[in-house]
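Please find the structures below.
Consider the two complexes below, in which chain A is the common component and chain B and chain C are the respective partners.
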Partner chain A sequence: MSADALTRVNNRRGIRAPHLLLIPAIAILVLGMGYPVIWQIVTSFQEYGLKQQFGQAPSFVGLDNYITLATDPQLWVVVGKSLAFCLITAFVTLGLGTLLALLMSAVTTTARLVLQVALLLAWSMPVVSAMTVWIWLFDRRRGAINYLLDMVPGVDMNRFDWLSTPFTFLLVASIIVVWMSVPFVSFSVYAGLTQVSDEVMEAAQLDGATGWQRFWGIILPMIRPVISIVLLLQLIWDLRVFTQIKLLQDAGSKSGDYDLLGTYIYKLGTSAQDFGMASAVSILVLGITIALSWFYIRSLLKEDVA
Partner chain B sequence: MKRKIGLVAAATAALVVLAGCSTPAPAEQSADGQNITLWLMGGDTPDTLRDFLKTEYADATGGTLTIEQQDWSDALSKLTTALPDSENTPDVTEIGNTWSPTFTSVGAFSDITDMYVELGGNSLLPSFVEVGAVDGANFALPYYFGSRYIFMRKDVWGAAGLEIPTTLPQFNEGVVKLKTDTQSGFYIGGEDWRNGVSWIFANGGELAKKEGDSWMSSLSDAKTIEGLTQLQTVYQDASLAPVTEADSTPWVNINNNAATGVPEAATIIAPGWAHWSIGDLAPDPKDDTKTVATWNDATFGNFVLPGVDGGAAPVFAGGSNIAVSAASKNQAGSRELMKIIFSEEYQNMLGANGLGPANLDYASSLGDDQFATALSESAANSKLTPAAPGWAAVEGSGLLEEFFGKVNGGGDIPALAKEYDAKIDDLING
Partner chain C sequence: MNRPLAKGLLSALAVIIALIWAFPVYWMVSSSFIPTAILQSFIPTFFPLNGTVSNYTGAIADGSFFSALGMSVAITLTVVLFCIVFAFLAAAAISRFRFRGRRSFVIAVLIVQMLPAEGLFIAQYKMVSSVHLLDSVVGVSVIYIAAVVPFTIWMLRGFVAGVPVDLEEAAMVDGLSRFGAFMRITFPLLAPGLVASGVYAFLQAWNEFTVALVLLPSEAAQTLPLWLRGFVQASATRETDWGQVMAASTLVAVPVIIFFLIVQGRLTSGLVSGAVKG
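And then the complex of A and B:
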C-alpha cells in the first residue's frame, strides 16, 4: 500500500469515527430531553388542566396560551426581574471567581491549597443544607447577619426582615447563588490561567507592562474562551434558578412579588394546575435562554473554526 | 438487534394497552397480602395512631402498610402529579378538606358510596362529607377536624386590666391596647389568611359565592370589606409579625422568650392541639437541647374568638378528608384500611389525641377539659372555604396569601379586592 492510499483510508476513517462517536450523546439527548420538550411544545398549544391530568382529552387552543401570556403584565415583570437577577448574579459571580483565581495563582502553594479546599467545600455542599444554614444566618430574630450588622455603630438592624421586601429577598437570593457558583468559576478560570505561558508574561514584564495592562492585554484575551463558556453557563444557570428561590419563599413569602421565572412556572403548573400556560411560559424561557446564549455560541463556533 | 427492539416495543405497547384498561374491580380483588401506601399530611397524626394502623392492617390482610408523611406546603403539587399515575400514586391519601372538591370533581378518587353507611354514614361530619361528594356519590370522607381558637397570657391581660372579651369589637380594641414596642397584643402574620378569614366570616362575609352554576369571588362584597378593614386595623395596630408571614408556629411567641423572660405576644390564634406546646418551659429531661412546655392555668388561658355580637365567631374549619386513589391498583386493601380508620377504636384514639373524630358519635373521646370545650364550641360554628372545583388552584397559586399580605400591609382594600376578585375568578371554576 502506498503512503498516499494509507492517508486516504485514514481520512475516510477519520470522517466516519467522529460521527459514530456523536451517536451516544445524541441518543441520550433525544431520550432524556426529546420527549419532555416535545410534550411541552404540544401542551403549550392545549388547554391542559387538572381534568386533563386525570385522563380527559385535552383540547387544542392554538395560540391562546401564548396570547394570554403576551398580554399578562405580571409575567413581563417576572421576566424583567429574572433577567436582571440573572445578569447581575452571573457577572458578580464571574468577577469574584476571576479575582479568586488570580489570587490562587499569586499565593504560595499552602495558601492556595487552603483556598481550594474552602472553595471545594462550598461547591460540594448540597443545596438544601446550604440553604438551611443561609436562612438561619439571615433569620429575622436570631440571625447572625442581623446580630453582626447591629453591632456596627449607627446601624439598626435589630429584627430586620430580609425576606419581607422583594428587593432584599432577591439580594439575599443573589448572595447565596453567587456563594454557590463562585467555586466553579474560580476553578475553571484558574485552570485557564495555568495555560498562560510564563515566557509571554515575563516578556511583557520586561517590556514594562503594568499588572493591569498584563491582565487586560494578555491574560484576559488568552483565557477568553474559558471566560466565555463559564459566563454562558452561569447565565443559563442563573436564569433557571429554582431551588434557592423556592426554599427562600418557604421561609418568607409565597406571594407573586417574590417570583422568578422558575417559581412562576412551578406555581402556574403544579400548584395552580394550569399545565398549558406553564408549558407556554417554559417555551418562552427556552427562547430567552437561546437568545441569551446565541451570541456566545456563535463566537464559540467561530473560535472552533479558527 | 432489530428483533430485540421489536420485542421491547411490543411489550411496551402491551403495557400501555393493559394499563389503559385495568379499571379496578374491587368485588373480585382480594385484599390479602396487598402492600399499600398511605399519605398523611404534616405531623398531626401522632405515632401511636400510625403504629395502630400498621398493626391492624397487617392483621387484617397480611400485607404491609407504608405511611409516608407529606409536607402541607408541597402536598398540592405532589397530589397533582402522583394521583393520576398508577405506578406512583398513594393508595389512600389524606387531603386538605378545602382541596377535596377539586380532586373529587376531576375523578381522582374511587367511589366508595357502597361503604358509606358501614364507615359511619350520617354520623360523619356533614360539611366534610359534602366537599368530598359529587351528585350524591361519596369519594372523599372526613379524616379529622380541628379548629382554631385564642390562647392568651392571663398575666399580660390582667396587668392591663382587661377582661376576656365577649364580642369581636372588644377583642379588636383589647389587643391593640396590649401592643408595646416589643410585644404583640395579638400575633398574626400579614399573609395568614387561614386565621385572618375569621374576621370576614364573623362579619357575615364570604370568600366566594355560587351564582347559578358558577362561582364568583366575593372579596368586594360590603361585608367582606368590613371584615378585612377590621383585620387590617388589628394587624397594623396589634401585631408585630412580619407581613410576609403565613400560617406559622405562633405559640413560640406566647411562651416566655428564653433570652428575655417575657413573651413576645399577649394573644395568639392557633389550632387546638397547639396547647401541648404552650406553657411554662423547662428543659426536656430526655433531651437537654429541647424544652417541654407545661400548661399553667395561672399564666395561660384560652377562649373562642367571639362573634360581632357575642357568641362564637365562625372560624376556618381546619381538618382533612381521606380518600382512596382511583388509580391505585390495590383497591381492596385500600378499602380495608378505610374500615380500620373509621373503626370505633381508631376514632376514639383520634379524639383522645385532640383531633376531632370524623364520626361525631365518638366526639366525647375529646374529653371535657377546657381545650375540648373550646374545640367543640369553635368547631360547631366553623366554616369551610368555597366548595368550588377550582378552589385548590386558588390556594395553590398563593393569591390569598398575596391578597391578605397586601391588605395587612396597609393597601387600599376596595381596590385590592377588585383586583384579586378578577384574578380568583379566572381560577375558581376549574
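And then the complex of A and C:
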C-alpha cells in the first residue's frame, strides 16, 4: 500500500478514528498486563511478606529485596541452572531443528511429508498432555524408555529413577522441551531454505563446491535471519520454562534442588507468601526477557515499515 | 556415493526420525485403549490389540471432567470472541491509518507479546483476588485476552495490509462510505485471517496452565489442563492407572491437534515472517 494512498485516506477522515479503534485493545492490555507490571515493580521495593498478607500495610524498603537477592547464594544457583538449561536446550533445539530442515529438503516428497506430519503431531500436543505421556515414558518401573534401554546389551536401566537427581531431572525436562520445540524450528528453517534459489546452488555445484562448502558458504548466510530469530525465541521461551518443571516436580521431587526460575518464583509467592521477593525475582526475569526480545522486536518493526 | 542411493538412505532416515518423533503421541493414544490389567505388566504393550474404551469411561466417570470441560469452553469462547473483535479493530487502525502514537502502540504491542506470564503471575493473582474474581471465568479471561491480543493484532495486521486500499477507494468512488467500503470490501477478504487468529486464541486459552494454576485455585473451577494434572496426581496416590491417565490426556489433546493442523502454516509465518520473506 502506498504512503500516498494512506495520507489521502487520513486527510479525508481526520485523526480521531484510529484512536477510537485502539481503545478496546489498549484498555485490556493496561488492565491485564500494564497494571500487573507496575504493581510488580512497586512491590519489588516493598516488604510484602506473611504479615502483609494478613492486612498489615506494606512498607517501602528501597532496594532491600534486590540486595537480599544479590547476596543469596541459592538464587544464583537457580539463575545459573536456568541459564545453563536455557542455553543448552535452545542450542540443541536449533541444531536438531536445522538438521531436520536440511533433511526435509534432501529427501523424497513422501519421506518429507511423513516427517512433517510427525513433527506437526508433536508440535500440536498440549503441554500438559505431552508431559503426562513423557512422565509415563520415563517412569521408573513401567516406562517404555527404561524397558528399551535395558534391552541394549550391557546397559542396566532396570528401575532407573530419572527424576531422582537434579541432573537427570533437568535432562528429562530438556529432552521434552527439545521434542516440543524442534518442529517449530524445523518448519521455520525449512521455509527459509525454500527461498534459497536452485540456480545458485546448481552453479555452486558446477563450480565444484562440496555439500559442506555449499552449506557454510551459501545456505547458512541466506537463512541466517531465520536462524537468529528462531534462536532468540527459543532462548526466551526456554528461560521462562515453568509448566514442564512444575509437572515433573509433581511426579518426582519438589525440593529446591530441582527448581528453575519459574518454579522458584512460584514457591516464593505461594509457599513462602513473600510477594516482595517474588516480585523482585520476576523483575529480573522480565528484564532479561525484554533485553533478549529487543532484537526480535526490532526485526519485526522493520517489517512493519515495509 | 551415487545420488539416488544417497537420497534413498536419507529418506529412510527421515522416516525413522518421524517414527521416533511421533512415538509419544502414538503411545498416548494407543495406551488409552489398552485394558489396565495388561498395562500393569512390566513389559510395555506396543499395539492396542483387544482395545477397549473402558479407560475413557473410567476417566470421565466422576463428572469432574465435564465441569472442567465446561470451564475450558466458557473461558476459551470468551477469549476467542474478545480477542478477534479487539484485534480486528486495532489491526484495522494500524494498517489503514498513519496517526500520532501509531509507532509507540506497535512497539508496546510487540513488547507486551514477549512478557512471560511466568514473570507476572504474582501480580496477576493479587489483582484478580483483590476484586474477588479468583475461580471465575472473567478473571482468568481478562489475563488471557491481554496475553493473546498482541499476537492476534500482529497476525491480522498482515491480513488487512494484504487487501489493497485501492479496492476500498474504488468502492468509495461508487458511493460507499469509508466504513461501508471497509466492511463490504475488506472485511469479507479477511475471513481466513479471522479464522487463523481465532484458532490461535483458542489454542492459547485451551492449553494454558500457569495462569490457570494461580487464578483458579478451587477444584470446582478447574480448566482441562488443571483437571488432567489433578487426575494424574489423584491416580498416583494409588497405583497410577496409566490407561485412564492416557485416556484423559487424549481427551484434552484431540481438539487441540485438530485445530492446530488447520492453522499451523499461519503460525510459523506469523512468528518469523519478516525473516522468511527474505
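The working rule: the second predicted complex is superposed on the first by the 250 of 306 C-alpha atoms of A that agree within 3 Å, B and C clash if a C-alpha of one lies under 4 Å from a C-alpha of the other, contacts with A are read in each partner's own complex, and residues count from 1 in each chain.
Here is the rule we go by: a contact is a pair of C-beta atoms (placed from the backbone, for glycine too) under 8 Å apart; a residue touches a chain by one contact, two chains touch by 3 or more.
What you see is a predicted model; the values in this text were computed from it and never measured.
Of the two partner chains placed by superposition, chain B and chain C are both touched by A:250.
Shared-chain residue A:214: touches no atom of chain B or chain C. Legend: residue contacts after superposition of the two complexes on their common chain; A:267 is shown touching chain B, with no touch to chain C. In the superposed pair of complexes, A:140 makes contact with chain B only, with no contact to chain C.
When the shared chain is aligned, chain B comes close enough to touch A:54, but chain C does not.
One of chain B and chain C touches more residues of chain A, and that partner is C. Of the residues of chain A, those at positions 250, 266 touch chain B in one of the two structures and chain C in the other. Of all residues in chain C, only 7-8, 10-15, 17-19, 21-22, 24-25, 27-28, 31, 39-40, 42-44, 82, 85-87, 89-90, 92-102, 105-112, 114-116, 118-127, 142-147, 149-150, 153-154, 157, 161, 164-166, 169, 178, 206-207, 209-210, 213, 225, 228-229, 232-233, 236, 240, 242, 245-246, 248-250, 252-253, 256-257, 260-261, 264, 268-269, 271-278 touch chain A in the complex they form. Residue ranges on chain A touching chain C, taken from their complex, read 1, 3, 5-10, 12-13, 15, 17-19, 21-22, 24-26, 28-29, 31-33, 35-37, 39-40, 43, 100, 103-104, 106-108, 110-112, 114-115, 117-130, 132-137, 139, 141-142, 144, 147, 179, 182-184, 187-188, 191-192, 195, 222, 225-226, 228-230, 233, 236, 239-243, 246-247, 250-251, 261-262, 265-266, 269, 275, 278-279, 282-283, 285-286, 289-290, 293, 296-297, 299-304, 306.
Note for the complex: chain A touches chain B at residues 49-51, 53-56, 140, 161, 163-164, 250, 252-257, 266-268, 270-274.
Every residue of chain B that touches chain A in the complex is listed here, in rising order: 73, 76-77, 80-81, 83-84, 102-103, 106-108, 191, 242-244, 246, 326, 392-393, 396-399, 401-402, 405, 427, 430.
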